[in-house]
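Labels run A, B and C following the written order; every chain starts at residue 1.
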Amino acid sequence: MRPLARTSGLLAVTAALALGLAACSSGGTPAATTSTTAGSGDLSGSITVYGAASLTATFTQLASDFEKANPGVTVKTTFNGSSVLVTQIQSGAPADVFASADTANMAKLTDADLVTGTPTDFATNTIEIAVPTGNPKNISTFTDLAKSGVKTVVCASAVPCGAATEKIEAATGVTLKPVSEETAVTGVLSKVETGEADAGLVYVTDVKGADGKVDGVTFDDSKEAVNTYPIATLKDSSNKAAADAFVKYVAGAEGQKVLAAAGFGQP
Amino acid sequence: MTLDFKARVRARGFDLTFGVKTGETIAVMGPNGAGKSTLLGLLAGLVHADQGHARLDDRTLFDATAGSRAWTQPHRRGVALLAQEALLFPHLSVLDNVAFGPRSTGASRQEARAVARQWLTEVDAAELGGRRPAALSGGQAQRVGVARALAADPSLLLLDEPLSALDIGAAPALRRLLKRVLADRTALLVTHDPLDALVLADRVLVIEGGRLVDDGPTREVFAHPRTAFVAGLAGMNLVTGVRSADGIEATDGWKVVAPFEAEVARGASSAIVVKPSLVRVSHLKPGRAEGNAVWQTILDVEPRGDSIRIRGDMLAADVTPAAAADLDLAPGDTAWFAFSADAGVGYAL
Amino acid sequence: MDQNRRMTRTRAHLAGVPRWVAVLAGVGAAFVLLPLVAIVSRVNWVDFVPLITSDSSVAALLLSLRTSLAATALCVVFGVPIAIVLARATFPGQRIARSLVLLPLVLPPVVGGIALLYTFGRRGLLSSTFQFLGIDIAFSTTAVILAQTFVAIPFLILSLEGAIRTAGARYEAVAATLGAAPTTVLRRVTLPLLLPALVSGAILSFARALGEFGATLTFAGSLQGTTRTLPLEIYLQLETDPDTAVALSLVLVAVAVFVVGLAYRNGSVPSGPSGADR
């Protein structure tokens, strides 16, 4: 009995330690919520948006645009792989809005009844071939990627961009022999950027976002795998009004303009 | 001449020249920091000389004279070293420790072990062959160390205070062993113990401040100390000065009367030694008949065997405990120290 | 004597340690140990064996063992000479060289991966040399081994260099005066005396190589059976199949605990010079 009691005491102290640390790190939050002023709308407070990694650039801009349009609202953003974010939300992370890079990950949340209403599809993304600048291996079609002597890097099938790649392979009947199956699309992009790989399969938006460090080669069969991005307000949100407004903003004209500029397609 | 040595190491203020004849064992003595370790290091190849040269038999150990920078690596020198601690390799058996030298210089394992057994027998340690060094006593380990050094068949054996780390009980036996094995061997023995020098060495080199201050047959050096250090080792009082009509005039003007062993010209630098047991101490100034007397401050008073030694600035005296009690002297007190005109012995420096 | 020892073993006492220090030590230890407990508690024991024996798991485990062993061998081959030179030789810039060699210890692994990329990569410093030799390191198992060696070699150098300094050069000096050439001294005296430190250093290097993730991901890529080591497999599985990720994590933890235990047991053996001849 005694050792057990001692262990649980230790647990309690450790937990207290962890809580103390957490309290230190979230000290700024109350200040943000109290700075409410009447804006153009009646919205106030702060919301936290969880977005897929591929949305980093666009959602950072959309968040600040939204804040300008609604001076009473503060938008905090967190970006990561969609599946990682889903795991965090399921574990009770304090998010108000979730924007996924695919419908499958959003489905996990709707299945668990963590979402209010039906998610809104707000963007699509397609696969493109990224090659080092100048396209040294003269890649022009998807079939070229299977040629011997061409080092192709793709996403592992476990991640959305890899699943899309597999769909295209199935549709075209071309089997790729990749030299690496990266865990994230950023891994594919960096391997092409550094010239280690001759070609990689990434999203159109990634090529655009790479700012000239890689060239993009579009191919017809990319339409076989179109990723749809859904966004939704979460059930546990403490500021549903602002969250809903943000979702509407992203799906609306202003949001679509920013997304289109980054290379996203319309749903 | 087996060893011909001349070297200077500026950083250590070391500048020494000497020679060793084949089969000669030389004791090297000197106060701490005198340069004894530097000397051994130069010979073993652990220290580099700025200038000079050393030849052992027909081998050049180092040659740092103008235009030449020859230097022989330690393992090609034929110079073996036995230190205070035996430093037996802890991962090898006693037998393989002794076999290490021959094995390293090309002998087969069997040959090397045969040589090792022979040397272990020579140092009366044949039965220790199978043991690990950790299982040996200090005396046994040093015995094996001797065997290991000799098994390497060195042209020159260096011994760095080989007895100083041993128990008082173990030292005499190892001293006897060394006397036996050093008999016909060319060796340099660094020691602080006059007994080692007397028993083991044919000759003594005295080094002070990196320089040679005395060099001669052991008994001769101790009988006629040239420096306070050697006089201290020999247990003698030493007064130095210049030859006067009936003795010497010491550097501070004190006139000391003593017979001289041999004719020495007036004014030549000379020394007088006198045994502490022949020096008397008193509170009253001794008469002229008492011979030589000097008024001194006492430095310390300590028991020494059957007598009490009272040490002053210049002279030390050995008095009986009863006499010491009567005098009741403590460090810092002053008293007269005297010895008769025929108690000392004078000689030229 | 033996009885006494057993007594002190079974009864814990603080021996002058202030109580609050002991409490903080307990909290700190819990902080380190609880996450391990958490992993164990999350393991899906029903499917544990199938999860860790799937094709991809076995491939990753075998690849990890293979590359880590190769990396450990490279660490020994190059780390021992580095340690000896750093501890024994004197040369200008030695202190700087020492810090630089230990740099991979404090460098974020990703940075290490980038550095390796720009050294051995297709457009790296040595690319023309390797192209001339017809060697292509990118995306090969060799790249994994290089990344692991890079991050693991400081462990070997550190543990060995310390041991060399502590041991001093006295045994070597004696061996030389007995006629042993430098290589003989190294083989018959230095290395045997350093063996305990060498073994524990190699074990730690192996453990570090086994856990290598960032540099491998950056430099070598991720392909089953070729470059996807166990940590990369865990990271990938976390995306889709957390059960497998947790099961494999436990395997890695078990291997690490075993390896560290081995190193400690080895390190507790009194190394080299014994007290008897001191």
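By definition in this document, contacts are C-beta pairs under 8 Å (C-beta built on N, C-alpha and C of every residue); 3 or more make two chains touch, one makes a residue touch a chain.
Note that this is a predicted model, so its numbers are computed, not measured.
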Q. Chain with the smallest distance from its CA centroid to the overall CA centroid?
A. C
Q | Per Cα centroids, the chain farthest from subunit C | A | B
Q) Hey, how far is the Cα centre of subunit B from the one of subunit C, in Å? A) 52
Q) Approximately how many whole Å separate the CA-defined centres of subunit A and subunit C? A) 35
Q | Averaged-CA centre spacing for the pair subunit B and subunit A, given as whole angstrom | A | 84
Q. For the complex, which residues does subunit C have touching subunit B?
A. 170-171, 173-182, 184-185, 188-189, 192-193, 195, 272-278
Q.
Quick check on the complex: what are the subunit B residues that touch subunit C?
A. 44-46, 73-81, 83, 85-92, 100-101, 104-105, 133-136, 138, 141, 148-149, 152, 154, 158
Q. How about subunit A: which of its residues touch subunit C in the complex?
A. 10-11, 13-14, 17, 81, 83-84, 87, 151, 153, 156, 158-159, 178-183, 187, 190-191, 194-197
Q) Can you name the residues of subunit C that touch subunit A in the complex? A) 23, 26-27, 30-31, 34, 117, 121-123, 138-139, 217-218, 220-224, 227-228, 232, 235-242
